[in-house]
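What follows is a set of notes on a single structure, which appears directly below.
Chain nomenclature is as follows: A, B, C and D, assigned in order of appearance, with residue numbering initiated at 1 for each chain independently.
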Amino acid sequence: MIKALIGGKAYHEKRAIRVTVWNEYIAEKVNPEVAAVYPNGIHCAIAEGLAPYGFYIHTAVLEQPEHGLTPEVLNHTDVLIWWGHHAHTQVSDEVVERVYHKVLGGMGLIVLHSGHFSKLFGKLMGTTCQLKWREAKERERLWVVNPAHPITAGLGEYIELQEEEMYGEFFDIPAPDELIFIGWFQGGEVFRSGCTFYRRQGKIFYFQPGHETHPTYYHKQIIRVIANAVHWAASPHGASPVFGNTAALEQV
Amino acid sequence: MIKALIGGKAYHEKRAIRVTVWNEYIAEKVNPEVAAVYPNGIHCAIAEGLAPYGFYIHTAVLEQPEHGLTPEVLNHTDVLIWWGHHAHTQVSDEVVERVYHKVLGGMGLIVLHSGHFSKLFGKLMGTTCQLKWREAKERERLWVVNPAHPITAGLGEYIELQEEEMYGEFFDIPAPDELIFIGWFQGGEVFRSGCTFYRRQGKIFYFQPGHETHPTYYHKQIIRVIANAVHWAASPHGASPVFGNTAALEQV
Amino acid sequence: MIKALIGGKAYHEKRAIRVTVWNEYIAEKVNPEVAAVYPNGIHCAIAEGLAPYGFYIHTAVLEQPEHGLTPEVLNHTDVLIWWGHHAHTQVSDEVVERVYHKVLGGMGLIVLHSGHFSKLFGKLMGTTCQLKWREAKERERLWVVNPAHPITAGLGEYIELQEEEMYGEFFDIPAPDELIFIGWFQGGEVFRSGCTFYRRQGKIFYFQPGHETHPTYYHKQIIRVIANAVHWAASPHGASPVFGNTAALEQV
Amino acid sequence: MIKALIGGKAYHEKRAIRVTVWNEYIAEKVNPEVAAVYPNGIHCAIAEGLAPYGFYIHTAVLEQPEHGLTPEVLNHTDVLIWWGHHAHTQVSDEVVERVYHKVLGGMGLIVLHSGHFSKLFGKLMGTTCQLKWREAKERERLWVVNPAHPITAGLGEYIELQEEEMYGEFFDIPAPDELIFIGWFQGGEVFRSGCTFYRRQGKIFYFQPGHETHPTYYHKQIIRVIANAVHWAASPHGASPVFGNTAALEQV
C-alpha cells in the first residue's frame, strides 16, 4: 500500500498527479554540513516544497527493500523524481531495469543534479553523462531559453542562486530534445542546466541545481520548475507501440 | 450552435481554454461538392467536433471586418485554429502581422491542411512551405512517431483515413521541433503530417489532414488530435522576454 | 578485391578515409537464398560498392579473433560500417565496449538495417530500438526530407527499391538529431529510415535498407548514400572534452 | 589583397570553395574608433583571415550597385558571409529576396554578429531575432557544446575573447537545428552563440562574436570557426525538390 507523505486522506486518483521522490539519503545522515541544510533529507525538502501544488506525494530511499521502488510503488507513480550522488553503484541493476522500462512505458522522470551519473539516467541517455564540476559556493544564474515551454511558467527571465556547485560543459549527453535553461556560473563556465528528453512513451527532465550543501530546494523558483516539470512529465501520452512481425495493411 | 466568445457570462477564465476557429469559408459557399460535406462551413464542423471537450469556442471567418480577428477577439483567444485554401492572398497584411505577434506572445496556433500556404504560417516558418499534392481520394494512414507526446493521447498506433488529398515530401519547412505524425499515402508518398514548432512564447502545431471535399473533420480521431493539440498549445508559457540594452548583472 | 587495412604501404593518411566494414557473416554461409545474393558476404558487396569512392577499405567479421575489431584495427578506422542480424548476442561485451568508446571519441559509425538490434546501437541510443517488420518482398520508397544534408548528395527526390523487408513505426529510438529519409512501404507502413545522431565527438548514421535476401547493396543509390554518410561521419570533429573537478576561470 | 570572383583565371572550380564576404562597410568609414581596428573594413579583415584556407574569396559591400550581390556574383558563390549593423534597412528588398532564394537553393550562409537583425536572417528564421545587448568591453568565453560537429574542428574546449559586446538571452530565434557554442559573458548573461539551421537545400550558421570596435576578426580561433563553417555550409546538398501537382507513383 502506498502511504501518503503528507497525510492527505482526500486523494482523488483522477485529479492528483502521483509523484514519488527518490533520494539515496546518505549524505544527510553522515555529513553534518548536509544535515544542517536538509535535516530530514533532500527528499522531504522537495516533497514539502511540492506540497502546495496538490500532487499526491510519496517518498522512497535507497536503504528500503528494493530501494523503495517496488513494482507496486512504480505502478502508482506518474512521475519519479531522482536525487543521488554518492551511492549510484549501490542501486541494484534489477531496480534500474524496472524503472527504466517504466519510463519507456510512460512514467515521467525528473533527474536532479548529481543524478546525471545515476545508472538509470546513463542507460536512458546512451552516453557517459560526464561533466565538469567545482564546489566553490559560487553564483549561478539559470537563463530561460525556451519561454514557450510549460516548464518555464511563472518564472522571470532567469533564476539566480547565490551558491551552487558548478557543473560545466562539455556535458556528455545527446543533444536534448528541448533545451530549456542554460546555466551561467561565476567562475566562467556554462551548462545546459534544464533539458528534456522523450524516450518512447516517457518524458524526462534533467535539472542541474541542487548540491547537497546548498539550500537550493528551499528556493521557491527551483521548486516551481520541478512542479512545472511534474505537470509536463505527467501529461498524457500515446498508446503502447506494437513491435515485431506484422501483417500488411495493404495488399502487397 | 457556436456561441460568441466575447461577453459570454458563462465563461470561466480559469477553467475553459478559449479557442477561436478561423476559416476562410469560401469553398463551402461556392462549390456544391464542398457544401454537401460541410453545409455550415469547416469552422462549424470543427467547433462542433470540439464541443464535448469543454473548450470555450468561438468562430471567425474571412468576410468579417478584420476577418473576425480583431484585437479584442485575439485578446480572448488562447488557441487559434486556422483553415484556409483559396483566399490566402485576401487576408490583410495587417491582420497577419497582428496574429503573428500574438503567437510570438504566447497564443497557441493550430494550422490545418492547406493553411500551410497561409501568409501567417509562412511568416512563422521562414520558408516557402511548398509541397506536392494530388486530389485522388486516396487512402492515408497517419503513423504516430512520438508516443510520449500529449498530442497522441487516446490514439492507437495510427489513424486511417479512407479518402484524403495527398500532401507529399519534400515539404519546405524547417525541421519541426517535434515530429508527431508521418503520413503514408496510397499513391506512394509520405509526409511529415503532424509537426510542432516553438516560436518565442508560442506553440504551433501543423496538422495535414482536412481537404474540403472529404469528411475528415467528422472523424473522431482527427478531432481528438486537434483537441489534444489545443491542450498542448494552451499549456502555460514563460514570461515575456526583455530585449535591448541592458545593464550588467555582475561587475564588469 | 579488398586490401588489408593495416600495413598497406599505399595508404595516404591525409587523403583517403579509412573505412572498416563489419559483418556478422553467417546467413551468407548457411542460407543458400542469401548466398545466392551475396556469395562473398554482405561486407564484400558493400566494400566493392564503395571501392570507386576512393576510401581505404578494410573488412572484419564476427568469427575473427575479437570479431576483427582489435584496438589496432579501430585505431586505423575513421568510419565503421556495421551489419548484423542473427548473432547480436554473440558479439562480446568487451568488443562492444571498445567500439562504443571509439564512437564517443570521434570514430564515425554507420549502422545498417538489422544492426538496429545490435548491442552497440542500443547502448548508444539508450532505448530498445524495437520496431515492426515483415518479409514480403514489397516495394519501398525512401523519400529525402532534408535535401540540405550532404548524405543526400547526388540523389533525386527518392530512392525506389523493388523488394525490401518492411521496417515500420514505432521505431523505439530517441528522436534523431537529423531525419534524412522517410521510408514508404507498399504494405502501408512508414519508417524513419535515415537518421543521424551526434554522440560526444562521434557521428552516427542509421540506414534501414539491406535485408540479406535482397540485392539492396548492389543498388547504386544505396551505395551512394553509404558513401555520402562515410564522408559526413568522417568529417572533422572537435577536441576531446575534459571532465571532472576543475579550477575556476574567473575569480569566485 | 582580395581578387575578384568572376573571371579569375586561377580559379579551379572543383577545388576551391567560392566565398563572398559581404559587409555594409559604414562604421569603418565614419567612426574613427572602428577605422582604427578595421582600416580596410571588416570584410577585408575576414577575407585576409580566411586566405590561408584556400578558398576563392570575393568581397561585396552595400554601396555597390545591387549591393554587390548581383545574380552573377551569387551564381558564383558557394558560401555567403554577412556582416551588417547600422544599415539593415538600406538593403533593398529585391536583393534580400534574391539572396533568400539562393540560400533555399543551396548556397551556404554565415551570419555574423549584428547580422542577426538583417532582413535576410529574419526572413529565414521567421522570428524577430531580438536579443539583449551591452557594450562594456567585457570578457566572453565561447564553450563548445557539440564537439562532434565539424565547425568545432581544431578548437579547444572554449574560445576566450577579452573584449566583446554582450549579446544575451532570450534570443528570439527558433531552436537551432544544432547548437554548437554557448557564450558566457562576464556581466552575467549567456547566449546561444553558434547555431546551425537547415533551410530546404541551404545550410546557415549564425555566429555571435564580432562587434566593430573589437579586434575579434583577427583572432585565429574565430577565423578558424568561420573557415570550418564555410566548409560545412559548402558541403554537398541534395537535388532541388519538385513541388506542386503530381501523379501517383502507385495505383490508387
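Descriptive notes on the structure:
Keep this in mind: a residue touches a chain if its C-beta (ideal position, glycine included) is under 8 Å from a C-beta of that chain, and two chains touch if they have at least 3 such contacts.
The structure displayed is predicted, hence computed values, not measured ones.
Across the assembly, the mean Cα position most removed from that of chain D is the one of A. Annotation: A-B is the more contact-rich of the chain pairs A-B and A-D, by number of C-beta pairs in contact. Chain B has its Cα centroid 33 Å from the Cα centroid of chain A. Centre-to-centre spacing of chain A and chain D amounts to 38 Å, using the average Cα coordinate of each chain. Listed for chain D are residues 141, 144, 146-147, 157, 168-170, 175, 177-178, 186, 188-189, 198-200, 241-242, 249-250, each touching two or more other chains. The touching residues of chain D, when paired with chain C in their complex, are 106, 139, 141, 144, 146-150, 152-157, 177-178, 186, 198-203, 228, 232, 235-242, 249-250. Only residues 104, 123-128, 130-134, 136-138, 166, 168-170, 172, 174-175, 177, 186-189, 197-200, 241-250, 252 of chain A touch chain C when the two sit together in their complex.
Taken together, the chain B residues at the contact with chain C in this complex read 141, 143-147, 157, 168-171, 175, 178-179, 182-185, 188-190, 192.
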